[in-house]
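Below you'll find the structures, each written out as structure tokens.
There are two complexes below, and they share chain A, which is joined by chain B in the first and by chain C in the second.
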Partner chain A sequence: MAAYLARRIGQSLLTVFLTLTTVFLLVRLAPGDPAAAYAPPTASSADLQRIRAQFGLDGPLITQYGIFLRDLFTGDLGTSYSFRAPAFDVVMDRMPYTITLAVSAIAVTTVIAVPLGVWMARRADTKRELGANVLTIAGQSMPDFWTGVMLLTVFAVLVPVLPASGFTSWSGLVLPTVTVAILQLALVSRLVRREMTVALAAPYTTVARSRGVSERALAWRYGLRNSAVPLLTALGTRFAALLNGVVVVEVVFGWPGVGSLVVRALATRDYPLIQATVVVTATLAILVQLIVDLAYPLLDPRVRLGKAA
Partner chain B sequence: MSEETSLLDVDELQIELITANGVVRAVDGVSFTVGRGETVTLIGESGSGKSTTAMGVLRLLPEGLAVCSGSVRIAGRDVIADPGAAPAVRGRTVSLIPQAPMTALSPVHSIGRQLGGAIRLCHPELSRAEARDRGTELLAQVRISKPETRWKAYPHQFSGGMLQRILIAIALAGEPQLLVADEPTSALDATVQASVLDLLMELQERTGVGMLMITHDLGVARLVSDRIHVMKDGRFVESGPAEQIVRRPAEPYTRDLLAAVPRLGAWDEDGEGHTEPAVQGAAS
Partner chain C sequence: MTPTPQRALPESERLGRRTLLRGCALGAAGIALGPLSACAGPTGAPGPGTLTLGLNRSLVSLDNKLNQFDAAVTVQRAVRQALTRIGPGMRPEPILADRFEMTGPTAWTVRLRDGVRYSDGSPVTIEDVTTALEMYSKVNGSFLLGLFPELPAVEPVDERTFLLRTERPVPVLDRLMANIHITPAAANKPEELQSGVGSGPYRVVRADSGAGEYTLARNTRYWGPRPHLDTVRVRFVPEESSRVIALRSGELDVIDTITPDSAEQLTGLPGVTVQKTSGVRICQLFYNFRKGRGHPLADARVRHALTYAVDGESLVRDVLTDSAEQARGVVPLAIEGAVRTGSYTYDPRRAKSLLKSLGATDLRVRIIWESGEFAGDASVMEAVAGMLQDIGVRVRLQQFQPGGDILKWRQGRAGDWDVIGNGYPGTTGQALTSLQGMYGGTAEKERTRDTYMGYVVPRVQRQLSAAATEADARERDRQLAAVQHAIWDTWPSLWAFAPKTLLARRDRVHDLNLLRLNAYDLSTVRLEG
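Up next is the complex of A and B:
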């Protein structure tokens, strides 16, 4: 177990490092000059050169990378050009909002999609199941900016019961959460439905039925429980994705999370801020994945970590 | 008279299965009875309809893919005519001992959870601890050694023979009057087969449970049965007392089945004495 954990953490560090290196190179290969973005329009080329030197962008790429690595190992992710503050701190200021939205969206998705999937599995191939499928797939197919704007129009403008923008009170969380959850419903409910259909057709379900277990208990206790591993995998993946920020939804609802931050960082060529965002979100995503993997043996006693990978 | 006393009374049972290749009449009008303390065997090759009959009797064939007609009375209740009857008798009046023990238990629930659950289904008044006491007793009865320490173990930690004995314990949890054993030994090694059959016969002797045995093995059928029905293409081709079927088979099909049992001679000579060492070995 300790060896498994050590190996996984090593792999995770390597993944974060490679991701960061790729991002470091990509932002510098992309067209655009940060110095021009921050200099006044009247700046001379000497002024621009001075700003580049200030940002540490004047040396060759390999030198910049060397400095970047040296700072990275001392825990310094650089100073944001636009915020004029440590890039890491700027990202961490936004993280609570992103985590709040991600937790809330995943919780709402789970609470609705799991019972819905169970319901669909118990009525597999009926018209009612088809109806549920059509509805959830419609939700998944609508672009999130459209769903978001529609929800805003109805619940913040026509019937102004919820705030339109920002996070001033907990009610501000409702519309972004619903928008994100609508996107996830079809995926999670259909996964539950598919896995449960397999479990409900398994011999152990028939044998359990033969000893008088009710259909309801068969669905929840046998079907759903035997679908727990793929369900957790899917929820973990969705959660990790949400932690990277839900760019469109955050912009639509003025949500002060990492998604809207990364849009701003990209638009202003704020290299340190882009890099810091990537470090934080990649680390979190990998951490979620690790926790999910550690939970497998709890859900399926046949799984032994480190034996088969 | 048998109408009154039979645990299981099957009359003109017909089962049609809806398959990709059209409708197949898997069971074509079979009638038989099983009384208390009696073992009746349906024997036949695979595809003869014997397992379909067993699953049809318990109404465990997939809804919508199997059409049953005729009548199946379990302790007087017709499970074909009354859709509520099968769920009511399952686990209490009648239990199943399934074909493949390795896949017959939920892999993510401990055997204690599944056995304890079966006990509490029939005795909701019992607490978890009481169900556990009862369950370990049942496990001891089916010769699982150190049942207390194995209560929390999972199915993958047991051998096929042990799982089959655990499944027998689960089938007995509701003190049924009738057991339907669907090829209970065909997935097991020969030595383990003997111990499981031996256990079933011992339980029958003690509890007087009636048994419907499904097998393709005349050696098994002969050992356990009072009566045998030989099944082919969904019909009984020959029926009678076990000894008569084995010693004086009337039908060529039955003779073919007999010829397909190489160790029948050994069973003849050694009888049950042959099974004893195997029981000890498998139970430890």
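Up next is the complex of A and C:
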């Protein structure tokens, strides 16, 4: 177990490092000039050159990379051009909002999609299942921008029971959560349905059925438990993706998470902020995947980490 | 046979797994609820004494050294003040000074208003003015420095009076000083200040610069009439449709810098009023003045002929939905010192015949612009391209993403182009500074590509320099009028328009006097109902 953990942590560090190096190069190869984005349109060439020097962008790329690595190993991710504050701190200020939205969206998705998937599996190939399928796929097919604006129109304007934007109270969490959850519902419920259908047709279920176990118990105690590993994998992957920020939803709802921060950082070519966001979100995403992997033996004792199954 | 998992395991291990799983669930809930508890508080519609503004751009600080755009000015000046301000008539008015007058060609006498104190109780002093000028001068990339031909030196005369001296006459110094915000000297730095100590009608009680959200409360030490509002909340809502919805729901009281589409949506809705005023920004389809001598666009007659192809009236009516005015001068007529120099006429037949007579029959035009340069930019460009094609000009449109490489293109370092869609702000509300910024190019500046699209016309530049140092206001206005006519005759733009300033507010908001500079004085705003 310890060797497995050490290997995974080593892999994770390498992944973060390679991701960061790729991002470092890509943002500098992309069109645009941070100095031009920072300075007013009336700035002269000399002004721009001074700003480039101030940002450390006047040296060769390899020198910039060397300085970046040196600072990285001392825990310094640079100063955001637009916020004039340590980039890491700016990202960490936004992370609680992103984590809150991700956790609540995954919680709502799980609470709705898992029972729905079980229900669909038990009623496979019926008109009701078809109806549920159509509804969830429709939800997934609608652009999140449109879903968000429609929810805002209904619940903030026509029936004004929820705030339209920002996160100043608990109620502000409802509409962004529902918008994100609607997108995940079809994916998770259909996955549960598929896994459950296989599990409910497995020999051990047939044996249990022959022993008089009720259909409800078959579904929840036998089928769902055996579907837990793929379900956890899917939820973990979705959760990790949400930690990178739900850009459109954050913009529509004025949600102060990392997604909207990244949009701004890209528009202003704020290299330190882009890099700090990548470090934080990539680390969190890898951590979530690691936790998911470690959770497999808890859900299925047949799984042994670090050994062939 | 597949074993049933729960029977294959010992009881203790099952309990351990469950405990762990429960622990994970509790942990996740903790992560979710932790930030929530920090953010819990009142929401929804603002209270009776609270005005909530929804800005379209994030206000990084309440200082303006690097960050002065439209509505930000409203908020920044509610906290920090300058010696003067540009008032409703687009004329400078004294604020922290009660006297600000030119007492010599290169000297202005200024007297600080008696008894003015900052929100922390300390008095406003001459040293604060000196330090403010010094700090602004040290900021890299400050757009304000570009407006000043030179920064004045401060010479104290007595405790409240001082001279502002320049080497050459700067007749619009009273206007320019409206942008220099005064802060206690000890707290001033050559960067944007994060603290909120100022002499304005409001003080900062909560600031989250990362999220662009601020809460201001009435400054009890304010020297002027008592502000009507108890609290002003500033929120950053980037998406326009969300801002419109939040205004309709009553969550926001004022949204500014709205597009014509949103203004149309909001017009006539109960509880909402849309305010419009002429704007000080000019949006131009500006020609590239770096064309070689033999190029058709280097000939002012060809540039003039092409203007006949553009149906400006229909662009304003159908594409810009009457949210703009066609330019009738080289700067918007809403700014002080602007004069009417001519107008754009739509006559495609004339365009065709003129081009034919000038031998410019096989013209190819590349039009470039950055997304978001003005509302409806892509639609305007597509319509203009269609109009040019109607007279036989082949057009290529090239759109750049914000923050992309358009600067290199503008400077002619990345590729050739013929017309650029560009907006130029009228920050000082005075024609002279806008004219100098756009048309004051010299051969020396052009060597570093620092002229406005390569516009270098020595005669115009000389006239502008003379006007800029003319101390007599009447003579300066006469010279400025002459130079505007001279510029118009060079046909710098294929077409130009001045977008109107648009703002939407709830009906409970009163006495919001929207200025042409797209700002308003928060101290006069009051709430009813």
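For the reader, a short list of remarks on this structure follows.
Note that in this section the second predicted complex is superposed on the first by the 308 of 309 C-alpha atoms of A that agree within 3 Å, B and C clash if a C-alpha of one lies under 4 Å from a C-alpha of the other, contacts with A are read in each partner's own complex, and residues count from 1 in each chain.
Quick note on the criterion: contacts are C-beta pairs under 8 Å (C-beta built on N, C-alpha and C of every residue); 3 or more make two chains touch, one makes a residue touch a chain.
Predicted, not measured: the structure shown is a model, and the values here were computed from it.
Contacts of A:Asp300 after superposition on the shared chain: both chain B and chain C are touched.
In the superposition on chain A, contact is made by A:Tyr38 with chain C only, not with chain B.
After overlaying the two complexes on the shared chain, residue contacts for A:Thr136 are found with neither chain B nor chain C. In the superposition on chain A, contact is made by A:Val252 with chain C only, not with chain B.
Residue contacts after overlaying the shared chain place A:Thr110 against neither chain B nor chain C. Of the two partner chains, chain B is the only one touched by A:Ser214; chain C is not. Look at A:Thr19: by the touch rule set out above, it reaches neither chain B nor chain C. Touch criterion met: A:Ala164 reaches chain C, while chain B stays clear of it. For chain A, the partner that touches more of its residues is C, with chain B and chain C as the two candidates. By the touch criterion defined above, A:Thr268 lies against chain C but remains apart from chain B after alignment on the C-alpha atoms of chain A. Note: residues 202-204, 207-208, 222, 225-226, 299-302 of chain A belong to the chain B contact set and to the chain C contact set alike, using the contact criterion stated above. Note for the complex: chain B touches chain A at residues 58, 60, 87, 90-92, 95-96, 98-100, 103-110, 114, 117-118, 121-122, 154, 156, 167, 170-171, 173-174.
Note for the complex: chain A touches chain B at residues 202-214, 222, 225-226, 228, 299-302.
Residues 1-6, 8-9, 13, 17, 20-21, 24, 28-29, 31-32, 34-36, 38-44, 54, 58, 60-61, 66, 140-143, 146-147, 191-192, 208-211, 213, 235-239, 241-243, 245-246, 248-252, 401-405, 407-408, 411, 424, 437, 445, 448-450 of chain C touch chain A in their complex. Chain A meets chain C in the complex at residues 31-33, 35-48, 50-51, 54, 82-85, 90, 93-94, 96-97, 99-100, 103-104, 107, 149, 152-153, 156-157, 160, 163-173, 202-204, 207-208, 221-222, 225-226, 251-254, 256, 260-261, 263-264, 266-269, 291, 295, 298-302.
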